[in-house]
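Given below, in the form of structure tokens, are the structures.
Heads up, the next two complexes both have chain A, just with different partners, chain B and then chain C.
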Partner chain A sequence: MTLPVLVGNRSFLALLFGVLLALPAFANQYTLFVGNLMLLYIILALGLNILVGFAGLLAFANAAIYGIGAYGTALLQVHLGWSFWAAAPVGAVLAMLIGTLLAFPALRLSGIFLALATLAFAQATQWVLWHWQSVTFGAGGFRVPPPDFGWIPVKQDYGIYFVSWAVTLGLLLFTWRIMRSRIGRAFVAMRDGEIAAQSLGIDLLTYKAMAFALSSFYAGVAGALYSGLLGFVSPEAFDLFQMIIQKAMIVVGGLGSVVGSVLGAALLVYVMEVLREFKSTQEIVFGALLIAFMVFQPHGLVVFMKRWLPGWEEPLHLAGGVQSTAPGHDTSVAGATSKEHASAERT
Partner chain B sequence: MLMFSYLMATGITTGAFYALVALGIVIVYKSTEVVNLAHGDLFMVGGMLAYTCYVMGGIPYLPSLLLAVAGAFVVGILTERVAYRSVLKHGLASVLVATIGVSFVLKGIGRYIWGGKGDYLAFPPIVSPEPLQFGNIMIMSQQLVVLFAVIVVMAALALFFKRTRAGKWMQATASNPKAAMLCGLRIDRIYMYTFAVGAALAGAAGVLMAPLTHLYPDVGFVLFIKGMAAAVLGGLTSIPGAVLGGVLLGLAEQLAAGYLHSSFQDVVAFLVIMFALIFLPTGLLGARGLRKV
Partner chain C sequence: MSILAVDAVSISFGGVRALDAVSATFGAGEIVGIIGPNGAGKTTLLNVICGINRPDTGNIRLQDRVITGMKPNRIAGMGLARTFQTSQLFAGMSILENMMTGLHLRSGTSLYGAALQTKRMRAEEAELAARARDALDFVGFGGFADRPGNVLSFGQRRIVEIARTLISDPKIVLLDEPAVGLSVNRVEELDSLLRRIRDEKGVTLVMIEHVIRLVMGVSDRVVVLNSGQKIADGRPEEIRNNPTVIEAYLGKQIDAARSAS
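And now, the complex of A and B:
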């Protein structure tokens, strides 16, 4: 039992977060910024994976919710003079409330139609950010005062980095626990067969609303931290390309895998930074990554981790495509539950 | 009253154009049940190819149009072979993710090749840029060309589906892929040509519309949303529905822009998609009695 624990997903996470915690000691300002971005994207990918990978709801609104979190936090500071510490939780909760409303269309729509409706919602949000100029300052964006760390002796960019680190670790552990709880299993049951889940006593409205609420809360938290990190928000940071980046992260990492979200986010932030100067190359690379993983390895990098690392446990990893409500998914359901039993016996 | 009739005229002509975009989406959806999120980017590719032939290459307009449509057709085949075919077996939602990947690859390629020459490429008008006067309404003559082209394309598609074998194969595949396969149809090939025909339609729309909208790499998604709204309003499976939806969307946009505020023009399409999907899932002319949503 000792060796698998050393080369498994837990040790990977411990190593990653250890390195990220030590980063400010030896990194320059730019590397620190990238590290911070990585933490934010880990939050975003975790949230999106709850919705798409665990609950099987293919929604395209995460970037817009992320934007609502960032704008909510920033606008409360600019218009009402709140401090960052008061505005950030309110911004995150606002994003969560708006995101939860998306569960209502999700009750009637599934698959492609949910994707289209949420895509329209995301574009409508963009439209509001562009045109409601008296509140959102329009297309140019606006500056936000930096978070105040007056009460602890730490430099501003180090301060926001440590806050992001702690929040990300907290949300990661929370996701880890909750996806192995009754709620996570209900999500997976819903993903693998809505009717079957319903007949097992899972209330679809409650759990869909919960999936949307959780994922939009994560996006809202990431948005709040983003506004604090950058000190500037503008609509184009939350456009469709942002959505594709997040989607690519969970597809590359592995749908329905907590550690996969972390893996995908960490890798793709690196890719994004390498290509930062060339928007066209970024678009081609992220689009091609999505296609390549859909064609060659729709279950993500986690598959290789499971194969090569003995301690890598993925009981709820999505074993079909994005959505396994298609006929012939019974095997994957059986597979998932048997694996779950196996892991339950081991622990 | 003058403003109203002007808005109606503009609404119908822009609506006809949305219908042309919607037709491509509907045709692909009808036989594969996939909404091609890269449709708008194929539109952009068509327009850019026509720009390359017509403006940069000095080829006359009609051959440029044909070249651009053929180019879009080939791109459609390529995307199906490379990205969609092997993903189809994982389910429709996976294909949707693949189409959005294709969308961004095409957009990036568009930005790489054509994006550097100023942000917006102006396509010179092919017919006289003078507006025509009907009574006291002014209409751009290019808009009439688009309107005429939409009618031609719609008639051609109706004939294609009613009269040709290939059209009937596509319909058979759409209504029951397994039965179509048992009858000896090569459905993977039919899917491929369906995507290609959809792409060619997008390309044609791009060429026709290029003189009216400037070309830029991001033009595709904006138009995709409008075409999608028209298609959803019409019921996603109906060709007359797509045309009706397009015209209604065009009219609603113009009325919103004329009587509320010009910025409301763009938001109509989002609202139409959201509300039509939730409250009118079969659209105006979609197939009844089937719960696909």
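And now, the complex of A and C:
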């Protein structure tokens, strides 16, 4: 009876976040940094999965929006002398507002065309970061003053880590609840059939804008935390490879799965760190992982989790294990259903 | 009293006149069949009514309000629902969640309510789930609530989709070939289901259908389209004997049905 509870998605999350919470007690500075990156990528993957996995909008702007959050937060501190605590929320909201505008092209474009339009947006953002030197300091990047953690009763070094932990856990819970609600259902409906969704009264503009707003807000929050973590911001951290990393995380973890986002992010941050010594291999491995999963297991690792772990259950993601089959393919089940259906009709 | 009125609606696609000044009215609690050969403009008519296509000329009124050019989701909110020729169950959701999605407009949980799991939100979710189960029971699929849609056969999915449109208490439902993929026995069940929908729920049904036995049996009235034009509109027995219809489309099938019975 207790087995399903012990080996399920909830226990996985509890274990992961428990270990991450305890990490500062025994880890060295490098491991703590990796743990912090893991938290940031969990936020990024959750946000991107809302957009791509749940709402079905194939957009490639998340890395750029992540950059806008980081630059917004950092530049407000550097140019206007704001504190991190004032600049971070504004940076995140700025990223959200800019990201929400992408819903307008998404109304007209779908699939590969939306991907190209958002890719163009990302490249334009890169161009601005590189060339608007008076504001962004150009290609070399710039240093950001460290956030002040005087108000939190922890060692200064651990400040950003614990803030990241709490924010990530909060956003995870938020995502889980939103995706289970009518809003999550509207996203999935839009993904699985726009016209059918519309004919059930779902307004495409509202929900596309909401998907972009949510994912951009997550990316903005991650960007703000990133600037606080690293104390340094430069354009190359938000380039196309950054986008590939994030995309690989949700594909490997599981498109349209909240826990899959966490799983993919945690796993691939680990892979990324293992490969850090061989810098050029990172790109090859991430690209290969992305392709391999898209070809062989497009629903990601959560499929295996669901198959092997009895307690792994997620709402709104029932298609994962049982790939949709052509009508009539599944004759045995369909036959059984007909009989049951007929008997239900009789009574 | 008419619920829906289509008034001289025309639409062309790249020079092809798909609908040519088609007018028709649909009364409360009526089952209206729409028949016609392939390419007659039947699906286009449904698309124009529910807002997927905007007519070039003409007007559509739903309960005396002009809905021409409105977005499909707004028209749905005014009590018009439809099903499609192909199965449109959302593959990524359980059957129950599919049904609950049909109640999108009858629920109001916001981001805030969902995030905080407010008491109102939880009460609403429970109510949606209960209504979804009732609607599934109505069509006899109560036992499949928590399973994904792909355990059902193609024909069964279409029945669940009818239930999904009924759940929001629409005034009028447009059905695009509901009998496609159904076996002979299933067609009989569909026949009685459609009657129950009309009699127990008072919903107006507008149905495109190629299974003539079903249309002629269940419809109170039949509209015949041919090459984008309405060529007949009347009770099934009038349609059967209408020489224009027989000539344009039905001839052989009606004769065959007569000699068989």
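The rule we apply is simple: the second predicted complex is superposed on the first by the 313 of 347 C-alpha atoms of A that agree within 3 Å, B and C clash if a C-alpha of one lies under 4 Å from a C-alpha of the other, contacts with A are read in each partner's own complex, and residues count from 1 in each chain.
In the analysis below, a residue touches a chain if its C-beta (ideal position, glycine included) is under 8 Å from a C-beta of that chain, and two chains touch if they have at least 3 such contacts.
This is a predicted model, so every value here is computed, not measured.
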| item | value |
| --- | --- |
| Touching partner for A:121 - first (chain B), second (chain C), both, neither | first |
| Touched partner set for A:294, first chain B, second chain C, both or neither | first |
| Which superposed partner A:256 touches (first chain B, second chain C, both, neither) | second |
| Which superposed partner A:186 touches (first chain B, second chain C, both, neither) | second |
| Which of chain B and chain C A:11 touches, first, second, both or neither | neither |
| Chain B/chain C common contact set on chain A | 322, 324-325 |
| Touching residues on chain A, where the partner in the complex is chain B | 58, 105, 108-113, 115-117, 119-121, 123-124, 127, 131, 240-241, 244, 247, 251, 279-291, 294-295, 298, 320-326 |
| Residues of chain B that touch chain A when the two form their complex | 33-35, 82-83, 86-87, 90-98, 100-109, 111-112, 115, 217, 221, 225, 228-229, 232, 263, 266-267, 269-271, 273-274, 277-278, 281, 293 |
| Partner chain C, residues of chain A touching it in the complex | 174, 177-178, 180-183, 185-186, 188-189, 191-193, 195-204, 210, 256, 315-319, 322, 324-325, 327-328, 330, 333-334, 337-338, 340-342, 344-345 |
| Touching residues (chain side chain C, partner chain A) in the complex | 50, 52, 71-73, 76-77, 81-82, 84, 87-88, 90-94, 97, 100-105, 107, 109, 111, 113-115, 117, 121, 125, 128, 140-144, 147-148, 150-154, 156-157, 164-165, 168, 181, 185, 189 |
